[in-house]
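Multiple structures are listed underneath, in structure tokens.
Same chain, two partners: chain A is paired with chain B first, then with chain C.
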Partner chain A sequence: MQEIVTALANGSIYALMALAIGIIYSTTQIINFAHGSVIMIGAMTSYWLLSIFHMNYFTAILLAVLINIILSMVIYKVSVEKLGDLTQNSSWIVTLFGAGIILDNTARILFGTEPKAYPFLFDGHVISIFGTKIMIHEMMMILVAVIIGVLYQIVIQKTNFGRAVRAVSFRPDTARIMGIRSNRIVLMCFAISGAVAAISGALIAPITFASYTMTYSVGIKAFAAALIGGLGNTKGAFIGGISLGLIEGIASMIVPGGLKDAISFLIMIIVIIVLPGGILSAKLFTKGELKTEKI
Partner chain B sequence: MPNSLLKANSKQKKYSRIFTMFCTVSLLVSFVLPLFAGDYYMRIISLIFIYMILAIGYNISAGFSGITSFAFAAHYGVGAYVSAVAITRYNMPFLIGLLAGALASGLVGLVVSLPASKVKHHYLALISIGLLEIVQQILNEWQWFTGGAGGMYIPSWNIFNIMLNNFQKYYFILIIMLFCVALQRNLRKSRWGRDLIAIKNNEIAAAGVGINFSKYRIAGYFLSSMLAGLAGSVYASFSGYLSPDTFNFEFTVFILLMAVLGGEGTLSGPIIGAVIATFVPMLFNATPDLKQIVFGALLVVLPQVMPAGISGTIKKYFKEIDHNKYIVDQTEQNEFDIQSNFMKDHSEMEDILVVKGLTKRFGGVTAVDGLDMTIKRGTVHSLIGPNGAGKSTTVNMITGIDKPSEGSIIFNGKEITGNKIFNLTRKGLSRTYQHVRLFTNLSVVENVAIGGRLFYTYSIFDSIFRTRKMKKEERKSFHEAMEYLKIINLYDKANYDPESLSAGQQKLLELARALYMKPDLLVLDEPCAGLSETETLEFSKIIHKIRNAGISILLIEHHMDLVMEISDYITVIDYGKKIAEGDPASVTTNPVVKTAYLGEGA
Partner chain C sequence: MKRKSAISVSSIILSLTLLFTGCSSSDDTAKEASSKPKEIVIGNIGAMTGSSATLGKAQSQGVDLAVKEINADGGILDAKVKVVSRDDGADPTKSKTFVEELVDKEKVDFMVGPTNSTPAAASMAYLQQNKIVSILPIATSTQLINPNNPYAFRLIASNAIQAEAIVKLAVEEKYKKIVLVADTSALGTDGMSVMKESMKKYGVTPAATVTYKADDADMTPVAEKIKDAKADVALFWTLGADGAKIVRSLERIDYINDLDIIGYTGLVMPNFKELAGPGADKVTVVSAGSWALEPGKTELAPKYWEIYQKLIAEYGEKDKRDTSASIIASGYDAVYLLKWAIEKAGTTDSEKVKQVLETDIQEFDSIYANHYEFSKKSHEGFPVSDLVKSKMDDMAYGELYKKAE
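Presenting the complex of A and B:
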């Protein structure tokens, strides 16, 4: 029981990270390869604010979110905006990767190489429900992920901004003609993605320890969850994240610790081969065929 | 020969002379260098050679096949460790170890590139990050195999019981490097290289000329990871000591930097990139922390300010050097005749294409609904209808780009329903596209020549060793491509970039490419959209020529004058259903057609 809750909690944070990837992918068709670094920066700055400036949890995370929003916008401005048509020019893969390298190494210099123990929410207080001991922190992880996920869907479906986002992701050129500033929308999406990444980074850091290597250890899982749920599918991100969390939970009981990451990697490859569009693209969930590329 | 070609030729001769001289000098320098350089510099230069092999591997993947991968440090590492284990644990001879390393790395590459058949290439970039992480973990954890974080030692080189000293090592690496340079060049200058570039440029058009792109992409990645593995296994024996830290993220950054600096997709890029990227880190010996940040910054900035890299930027000024050798020595010939160049082994079936009950549903929308259509051999058959009637969808199903939901398509008496487009080209079907799809990284004449790729017979070994057979076939193919350029009046622009042509010329170029595939049935999807009056006229003349050569044509077009003048038979569809068919005269007077085009009561 306890293991299931832990797996669900981890899974919901993976879902949040995958959501952040999906927000960018759905509008631009690009994968933010600096995403792992953005998560890491979110975790490290909030740790810093907590432990060195002794802020309370809420202000620390809020400030980290703000920093990440600015950071993501800068990443977009510096490494993506000037590249032009992103479907033709695949340089964004290298430029975003380069941006990640800069962030990682800056973090290494600023915060040092030692992994830091990140405090749990509510001091790691444990409550007992039906005989199983559950950390409040883990419940908060699930709760926050659900709130953000629902909030995002409401924004996308109901607001003007959401309609603009959907228009841009469907036909960027047409959207531009209709008076939507595609670049602005994409910039906003980067900002939102950065904010979500900060929250997810701060929430998972107590479990993984905060260090500059989070970029890879945690970032890889974000990408795996996004792929399992279907890239750019913001609802699928949750299914992908939670199933990754559960699979990982089960795998950790069977295989030795060192190979835990190899499992998620393997699942990632299998999903791509069997269901390139993610779990939600399976026949079971779709009525009829999806549209192919227009010629 | 036209004037512009003559001018380009003389320039090409001049440039290639300079280029040959430059190559000879650098080759000589690298041959005599060990006599002057001390051990330290010889070591660095040997390392640069190894990096060149690695960079060439990466270039074949990212520059030619269009797969950006972050896993090349991993491929390099796999090659290094496998060869080291083969040599130390299993006492294999050095050369066998070398091969084992390259092969093992190629196999790893094969496994991770398998999804390439299903998804866009940037998925592979994602997978490659995972692979890098996994290999890193395995190298550290799997003590028995790799010696773990402590690393492992490899005995000195031993070829046929001769221990190599530093000099011999240097020359050995130099020779392998030169072999890889030649390999890359010969591949690029043959059908294989052109096919890979075509895939990178435009997947659908590449499939349209018969390239099974997923297979080629996987093969390209296999080759490049094998080269990376080769570089790794050379490195293993060269350095004598391996540690997992050598093959980490920072090394990936270094590989990317080599490619970005030198220029992806160019032949000299990896060489220039390897030289410069090796010396850049030395500037940061005093401040190692800053090094990675500067590398990252270079990766962000360079693709934006200098997308073609150093060698691509230089090449811009010496464009003529790429002038195609095969067309330079062409002599004037008699008037080319399309007809004589077509295979006349038609099974004399009267109906070339029979479509029955063809249906396509997109989600809830039925784009094409139970369409029946028959095209007679040797006729021009037009498919017309208002916008959104389902014309393009029909054509996409016939040419194997979309899969029909229901119905059957019979071509030349054979069932082809659901066949992929790259299989159909071999059966005698070729097409043009509504929106022009040319290969922008190939020259005009290469764009046409790639249409004739079906008729090549030379193997990959012929192209690696540039055999006479390969040269003969290439020459013949390019000469013929020039003839097609003559038909469309682009003869003197053979060496231009296709993007420098006007919209009409691009459409014609696409037609020439489709024609060179020598199809039985040519499918033209709105060939005259966006063309001027005179260009349309020219186009119709060419279509007449093609028809006279005995090729059947399926035409989608909105210029009614053209359609009425050219067609033998017309099918009109609306809302995915056939509403009329017949010869042009009967269709124009059909009241149903009038209503569909002009609205009720017209």
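Presenting the complex of A and C:
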């Protein structure tokens, strides 16, 4: 029970991170390599607001979300927009990696190298369910991830903005001819991704501790989760994240801790080889669907 | 044609004669310089920037203070001491390049450092080839001191010595189920291996050995394995942040109260208690006994307290510096150890200095460890008996351990 809840909680964070990566990929076909650093900035900012200004948890996270939205928009403007047609060049790999390194170094200078103890939600209170002690924070990680995932699907399926995102994702040129300002839609996607990153950061920081290196090990797993679920497919990001969390949980029970990642990535490679478009590209899930339906 | 050949042969003979004469004359000068040196150059190398910066800075502070005092007191064998420092940033490639530069260009006579084990391993061969007596005040990797490195001497407790100390504590305190915990890095693998060897030496079998990837985000599986083994003590060969994460996870799965934790020195970090939470109370570490306060005391033994006051006078109280007093003391002791050995040998000649360190070390009045135990067989100086169990959560003056009762 305890192992399952922990695996689901970790999987939820991978899912949130993969979702943020997928949001950007679906409209730009690029992978935001600075995403781990944006999560870290979100966590460090909220930690700073909590510990220095003694703000309450939710105000601190709200402000961190706003700062991350601005930061992500700046990253888009500086590192992506100027590059022109992203399908014709790969410069974004360098610019986004570069943006991540700049953020990491800036955080190291601003916040120092020592990891910081980030508070758990509800003061780390533990409840007993069927004799198993479970931290409320872990349950909140799962709940928040599900709420964000459902909200995102509602926005994508039911709002004009969502339709525009789907149009840009499906046929960017046609969308532009139809009067949709693709650049603005992509900018909004970067902003949403930044907001999700701030929340992911606040949820994971109590476990990893807040530091400028806090996402080094989980960042790569977010990319793995996105690939397992299907890159650009936001429902798949959730399936990928949760699957990865469960795989890790099971692997860590069977093999020595040092081999856990090797097992997880081996499974990722197998999934990519067998289903290049991720789990949700399997025929079982794709009957009669257009690409836009998969977002 | 014959005449030309004769001239060529004569020229070669003349050149060789001059060359050998020159060599022999410069050799004599070198010998004279080593018994009456005009200047003694000590290389000081370590990580002064990056994540291990506090180690390199502490070593440098110790070295600089000792050299300042020695020069004010007339130097060594009437020669001034010069320190040439380099920051390798804990990068083995940089470290090796700097060591080559210090040996070839700066002509160092002795070396202190490198501070980190991997850079030290990378630079060691060159120092040995050039017969440079090197003092390691901080690097702990077991393999650094071996017969292939005959000019290297270590002051700090090596991984093997620390492993023996923590296993000895667990056995003496009659814990029944001992679990060994280490990460899968080179440092952790070395730690796990030396802990297992020590367990064998004491005839005890671990209830479980648990490994994990360093800096892993979630340490719950590690905590679960400790719990599954029903351990009453866990020996932690982990770095501070990872150790704190494991303590937090043990708390999450409600097992921390059933367990004691004894860690090696790498577990120590300034905000461990803040990171580990209330579970930090269950953690003790081994530390240099001379630099730990006896229960209820507010001062170290007089000799060490005097040095501590000197370090504070030079570099300020703990809140004014990011370096640790005991590590500064180790760097400081490295220079005084060289001074003593050179004066005892009456020369800077490596062989003679090495011999003094191997045979007469009991005469040296050390200020880091209680005494050093070098011999012809072993260049490990730190005695196992000088490692004591100290509290992790309660430090005096922000940096001095208190011995656990």
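Simple rule for what comes next: the second predicted complex is superposed on the first by the 285 of 295 C-alpha atoms of A that agree within 3 Å, B and C clash if a C-alpha of one lies under 4 Å from a C-alpha of the other, contacts with A are read in each partner's own complex, and residues count from 1 in each chain.
One rule holds in what follows: a contact is a pair of C-beta atoms (placed from the backbone, for glycine too) under 8 Å apart; a residue touches a chain by one contact, two chains touch by 3 or more.
Predicted model only: the values in this text are computed from it and were never measured.
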Broader residue contact with chain A after superposition on the shared chain, chain B or chain C: B
First (chain B), second (chain C), both or neither touched by A:A117: second
Which of chain B and chain C A:F161 touches, first, second, both or neither: neither
First, second, both or neither for A:Y216, with chain B first and chain C second: both
Partner chain(s) touched by A:I30 [first = chain B, second = chain C, both, neither]: first
First, second, both or neither for A:N105, with chain B first and chain C second: first
Partner chain(s) touched by A:Y57 [first = chain B, second = chain C, both, neither]: neither
Touched partner set for A:M253, first chain B, second chain C, both or neither: second
Partner chain in contact with A:K133 - chain B first, chain C second, else both or neither: second
Intersection of chain A interface sets (partners chain B, chain C): 216, 258, 261
Chain A residues touching chain C - in the complex, by the definition given at the top: 2-3, 6, 10, 113-117, 124, 126, 133, 135, 204, 207-209, 211, 213-214, 216-218, 249, 252-253, 256-258, 260-261
Residue ranges of chain B touching chain A (in the complex, touch as defined): 66, 68, 70, 112, 114-115, 118-119, 121-123, 125-127, 129-131, 133-134, 137, 141, 204, 249, 253, 256, 260, 289, 292-293, 295-300, 303-304, 307, 361-364, 392, 396, 401-403, 405, 433-435, 525
Chain C residues touching chain A - in the complex, by the definition given at the top: 51, 183-184, 210-213, 215-218, 220-222, 224-225, 241, 244-245, 248, 252-254, 269-271, 274-275, 277
Complex interface listing, chain A residues touching chain B: 30-31, 33, 78-79, 82-83, 89-91, 93-95, 97-102, 104-106, 108-109, 216, 220, 223-224, 227, 231, 258-259, 261-262, 265, 268-269, 272-273, 276, 287-293, 295
